[in-house]
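Quick heads-up: structures coming right below.
In the two assemblies presented below, chain A is common to both, partnered first by chain B and then by chain C.
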Partner chain A sequence: MTMTLTPPAETTPVYEPSSLDVASLLGANLTTVLSPFEASLEAMLQPLLVTGANKSPLQQLQSQAAERFMTLGLPNRKQQEAWKFIDLKPLVSKPLPAVQSHLEPCRLPYRLEKALKLPVTLTVCNGNFPKNQSPQAAAPWVLFSQLEEAKQADFQQWLAGKTAQEVDPFCVLGRALAEDIWTLDVPANTALEKPLVIYVNQSQTSMAFPQWAVRMAENASATVVVSCSSESQLQAYIQACATVTLAKGATLNWVYLVNHTAENVVQLLNTRATVHENAHFNLFAVNASNGTLLRHSMDVDLVGQEANATLNGITLATGKTSVHNHVRLTHDAENCQSSQIFKAVVGDEAKSEFDGSIFVTTNGQQTDAKQLSKNMLLSNKAKAFARPWLKIDADDVKCSHGTTVGQLDEQQVFYLVSRGIAPEEARHMLTLAFVVDLLSQLENVTGIEALKTECLTLFQEKLAH
Partner chain B sequence: MSTTQTIDAINQDYQFGFTSAIESDAFPKGLSEDVVRAISAKKGEPDFMLDFRLKSYHQWLTMEPPTWADVDYPPIDFQDIIYYSAPKSVEKKQSLDEVDPELLATFAKLGIPLSEQKRLSNVAVDAVFDSVSIATTFKKDLAKHGVIFCSLTEALEEHPELVKKYIGTVVPATDNYFSALNSAVFTEGSFVYIPEGVTCPMDLSTYFRINTEGTGQFERTLIIADKGSKVSYLEGCTAPKFDSKQLHAAVVELIALDDAEIKYSTVQNWFAGDPKTGAGGIYNFVTKRGNCKGNRSRIFWTQVETGSAITWKYPSCILTGDDSVGEFYSVALTNHFQQADTGTKMIHLGKNTRSRIVSKGISAGVSKNSYRGSVVIKPNAENARNFTQCDSMLIGQTCHANTYPYIQVENPSANLEHEATTSRISEDQLFYFQSRGIPTEEAVATLVSGFCQDVFNELPGEFAAEAGKLLAIKLENSVG
Partner chain C sequence: MTNQAPLLQITNLHAQVANGGQKILNGLNLTVNAGEIHAIMGPNGSGKSTLSKVLAGHPSIEVTAGEVLYKGQNLLELEPNERATAGVFLAFQYPIELPGVNNTTFLRMAYNGKQKANDLPELDEAGFAEFLKTKLPLVEMKDDYLHRCVNAGFSGGEKKRNEILQMAVLNPCLSILDETDSGLDIDALRIVANGVNQLMSADKAILLVTHYQRLLDYIEPTFVHVLANGQIVTSGDKSLALELEAKGYDWLLPHPQQAEVAV
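On to the complex of A and B.
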């Protein structure tokens, strides 16, 4: 792979007052002063909204995303069902932190590194794309701005289309503010031998907008593991987006492992996948974060016959964490299959929400769609919300969904205690048993089998804490 | 067995499409504060009622029609509705001989036996024809047990204290757009009070008819079951065929005190609009809610919804009392251009409260059938239990079936299960029937009936027969 290391030519945009009124679009009352959050957002968006020629393809993408954000505006909890249970206060009550230019060497936590026995392909440290990261080490990832012209045009067209359709304001905000986009092109009939590990780390108060655009050609296969973490007491806002498309027969396994130690962390994740004929998209999201808010929005479109999607999520929420898994899965072709299993263990004053919709269009005959959301509440102030929705416009379909909310079975606890196991330990054992069957699915993915044990240990530590 | 055949099997015109020519004493079209005052004056209501209406009216003015339901219809012109109409001959009758014969003929056509036969079948009927009650039977029988079963107008004259105490306590005027409208302009309805410890000696039944063209029906039902009492209430509807849309915005409030039980059953078969175009047909925007106020109280909703162009209806239970129980059984069938967004809300507030939801949706033609149900378990509702099952059946490639459950759990001791399935009518099963020589339409009817059995089992005897017949009418015939 050849590429130049020259950064994209810097064009200084000429500031022209935009016709767009940022304040009113953000929903701010014009008679009031902008909140610090809105002000910081405005300061960042305004330069992107400036119209002018000579924009690089990346800048064009950013401007388009910024405009899209202005059209969408910030979500309204009262009017938008999807945001009803999401308290954005941790994010909007203070100005946005800066992307830190200061770089610290970032590496996976020792234990994870040891467990995975894999090199990290990408690190995103405090929002900064480490410029000192050599392209060889990052390979096969390539920055959008460093792609050849033709490829750049390809990616731009695709991503611009995605932006135009996007309805999640934060997803386009991330694209607008991202410094660059990491792209991955897996050629036809190629299987990436080793899983690609990405490490998103915050070591100081900062924000990050990692963007990944992945194209899997025919019969290509790959596995990507994204580990997000932050340390000590800091404030962070992470707005990540993975946009993927799978051509005929391709397979992509995408694993998120979110584990922030810091509490003051808002992480909004977006996964956008288009799955063509016979392709398989498998998403596995493990969350054991202390961060105050985590929302993972997954939009998956099955557009080719016999396309397949598996979305699994495990959440262990404690403290005042609030975790939201939002799925919009569309069956737009015949004979597609999908399966969703989301399990949540909710303790302390934590909140867990599952908002999953399955849409079956008139093209989606012979659909087989399953959805299951299981919640275990561990404390008096823990809350669980679920909206498992089905919208079906085709007649020959098999769709089912199930939701349960419950707690530990005291009889089972008693049984273990009667065998001499301490009550506390018995509870931990049973709580882990609730999630372990789903975790075992990680063992089916070549190269990351060890993640299961690692996640179990993580949960164990968290429960014991 | 082709899908076309299946669709043909369920295509059937509305059978009760006739209108009777009875002179109406009606207000001109339009709604204003004056109209609200006039309705109240016409009915000779006490002041508190007028206040209630005016407050609701002003509240309604500030509200917007709801848009969240999965139904499409053109904006309703509320000034194009007649808010009060009463049949001319309304004086109290001692016997049926005094009743307008044409009215009796209408009832006969509908099969409402407002006669001795009905006494034998042990059902008291308060027939609401258009907006005013014309005859009430079995009153004396019920009075022996201390049961009050009368029109809301009578209740306001004879028992204003009861009405004042309970009206608007379960469905406040501010609740939603249509309940506010109803609270302002309702003209008639039923009132039931079952005294302490009394088991109502018979099933109470009201047949609603919508008659005068352009008349909005704003019924209001209030049922109070005092401590330890028990009542079963039946509501059945058929309506004549009309071209212009008709709005029906009813409010039903149930209150169950300690150890009381209310069973409310509905069979609804209103005109669903022209099968070919969807024109006409009734808008059924109803707010039904029960409050299990007392400990160990129970409320059961059972509904069979087969008519209306648009149904927007969520019979709900507020489980306030400890150990109270709320149950909801529903069959909703949509065909042709019908749209139904129906379901329930179970709000658990008391300890050890239990709720059960069984919903069966059948969707055919180009109709849209949505289940929308909410289960809320509040922090104080220790040991709450909910079971929800909602199944949808699709017949034909152009229909829509949606399921929108909302689940909110704020107490860890809650146990909640929700399951839903959506599938088409089974080809295998149809084939099996056919191989045994059973015609397609009969096979479809049998399969649908089997699909709905869990709900039919909950209907009182009489209604179970009527419901089976209704679905059969909707699903049989027209083939061959």
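On to the complex of A and C.
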């Protein structure tokens, strides 16, 4: 595998294991005793690392990803800037949830379906890739293992290339452990009429490694809504990755709605997008999760002239949740535009971090890149970190970045209260007012206009809780 | 005087900026009966706006002594929102902008808050829209103000009209208008004053804080009071305002410098 693009800026720590010994990789280099987490991870990875012939293309992808994970190792907070603010303890302090032989069917959170008046096209339940979802329901998604041979080779080559250049260990770990990969090919000049709705739902202690690979052909357009949720008291680890590529003139709207009610949930999300000439990639990530840790890593490469990316994020973090939005956006062609707006409302003892990088290569002349991170703290113990980075190697660009951290304006609160509105309600109104302008952008996407109201209701419920 | 309790009775009110700040009100006394309009005038810094804030319960002002009874009830014991639902309304001198808060939603929440507190039926969106339509002509406001965010990007005149629209929606017994005339052009002043006049009735009262006699041409006061150094130093009928316009406040104020010379 040859690398087509060196990962920008970030220095990957070099681990040189003498053998494929998981223990030494996981930092337990001086002791042979594995932590329960390391032991459970080793048990899962070991079968994938066995060399042997007769591997299916999917197994080859999994093995390659497992090897890549071994090369990268678990992130080191002291050495890797991107992980500096992330406490992985909720994940690594206990063994991974055991793979269940019997999984309950999920009770779907139907409210979103109801709000959007759309059928669910895909369900990933307790980590299961249900093989026999009705064709109508699953269409147009096809499992990698079910692709015809030529297409399999095609996808394998593309995804293997992505794995080889991936620097996020958890992203490749997810690919290694995924049972299968959902693929979507939207043909040229085709607009998928209805938004595709995907549920990733946990109803019992489990792991889920959903992987989506989406190829948008020339002038194709589609909207995908991914809703991640979990119920009741359970432990879950969700490692999801969407790998997308947009050919000339294509448009893809990708919406994440993460809403775990269970607290013991670690979700690591990866979005990898390659955007060619005149194509538009619009990502909207809404998070109102109670889960312990959520990291969403978004790598977007604008590689064709006048490519466009809009990345928006709204976070409502309460309780002891820790939410991290990490963006690495690369302008690698002329006249590309990008816009990032990330807003976070942080209450209780929650933590929110925005780490956003814009890289403009020497090819990125006439870049127009905007980045904004706005944070509102609702309590004295809440924390918000904003870490904007710019690395510009072209000499004719427009790049702006800004960040704010503030609290509710007491004059505004008093104004509402003086009209008879209860103080708590007034605070909720003003908190929602902080995010509503960004949420309104959902109204511009055909088919998911109702998502704005749904998100507002969700936030209102969380705040009132 | 009727045997009914006054709508508002302020006795020996002392107040200062919260957390041990400057003393502003020094033993203020005022009685307001239903059906009356009281104009409060006075030089800058005399405590006019502070009096408004005390009545509305603004946290920046701390009452150190005295009593305020509203309909015979201790007003100072009530939270600001409880005062509002009980029928006290403050039209802000500088209305606050609330970007992201829809004006109609805000008005409906305020209205329903009051209805709920008084065990009266609340209105749903459609019902409130109908109700609001009847209030708009009072302040000659167009529908499109309702779809905007509260005061955000409103002109000075629009903000003041929006205050009076809130007053119309909440239908308060006691309205305190804090320099509602400031920053208004002649036409806007007429519109705002007309609105206020239409909202006044025999069972209500208005406290009109103003710098200028001009407003009193449109809203006729029952009494005019002059506030200086945190006290009411003189009261009279509407002719007092005309006299103030001609002579200023100087003749009503003590002159410490001259006193020193005399000693």
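Just so it is clear, the second predicted complex is superposed on the first by the 431 of 465 C-alpha atoms of A that agree within 3 Å, B and C clash if a C-alpha of one lies under 4 Å from a C-alpha of the other, contacts with A are read in each partner's own complex, and residues count from 1 in each chain.
Everything below uses one rule, namely that contacts are C-beta pairs under 8 Å (C-beta built on N, C-alpha and C of every residue); 3 or more make two chains touch, one makes a residue touch a chain.
Treat the numbers as computed from the prediction; the structure is a model and nothing was measured.
**Q** By the touch definition at the top of the document, which applies to A:434: first (chain B), second (chain C), both, or neither?
**A** Touch status of A:434: second partner only.
**Q** Name the chain, either chain B or chain C, that contacts more residues of chain A.
**A** B
**Q** For A:192, is the partner it touches chain B (first), chain C (second), both, or none of the two (neither)?
**A** Once the two structures are laid over each other on A, A:192 reaches no partner at all.
**Q** Per the contact definition in the header, classify A:98: touching chain B only (first), chain C only (second), both, or neither.
**A** Once the two structures are laid over each other on A, A:98 reaches no partner at all.
**Q** Which partner chains sit in contact with A:50 here, chain B, chain C, both or neither? Use first/second/both/neither.
**A** Neither partner.
**Q** Of all the chain A residues, which ones make contact with chain B and with chain C?
**A** On chain A, the chain B and chain C contacts do not overlap at all.
**Q** For the complex, which residues does chain A have touching chain C?
**A** The touching residues are 410-412, 414-423, 425-426, 429-430, 432-437.
**Q** Can you check the complex and tell me which residues of chain A touch chain B?
**A** Checking each residue of chain A against chain B gives 81, 362, 365, 375, 377-407.
**Q** Note which residues of chain B are touching chain A in the complex, please.
**A** Interface residues on chain B, with respect to chain A: 3, 68, 377, 379, 392, 394-424.
**Q** In the complex, go through chain C and note every residue touching chain A.
**A** 56-59, 79-81, 83-85, 90, 92, 95-96, 98-101, 106, 109-110, 113-114, 117, 149, 166, 170
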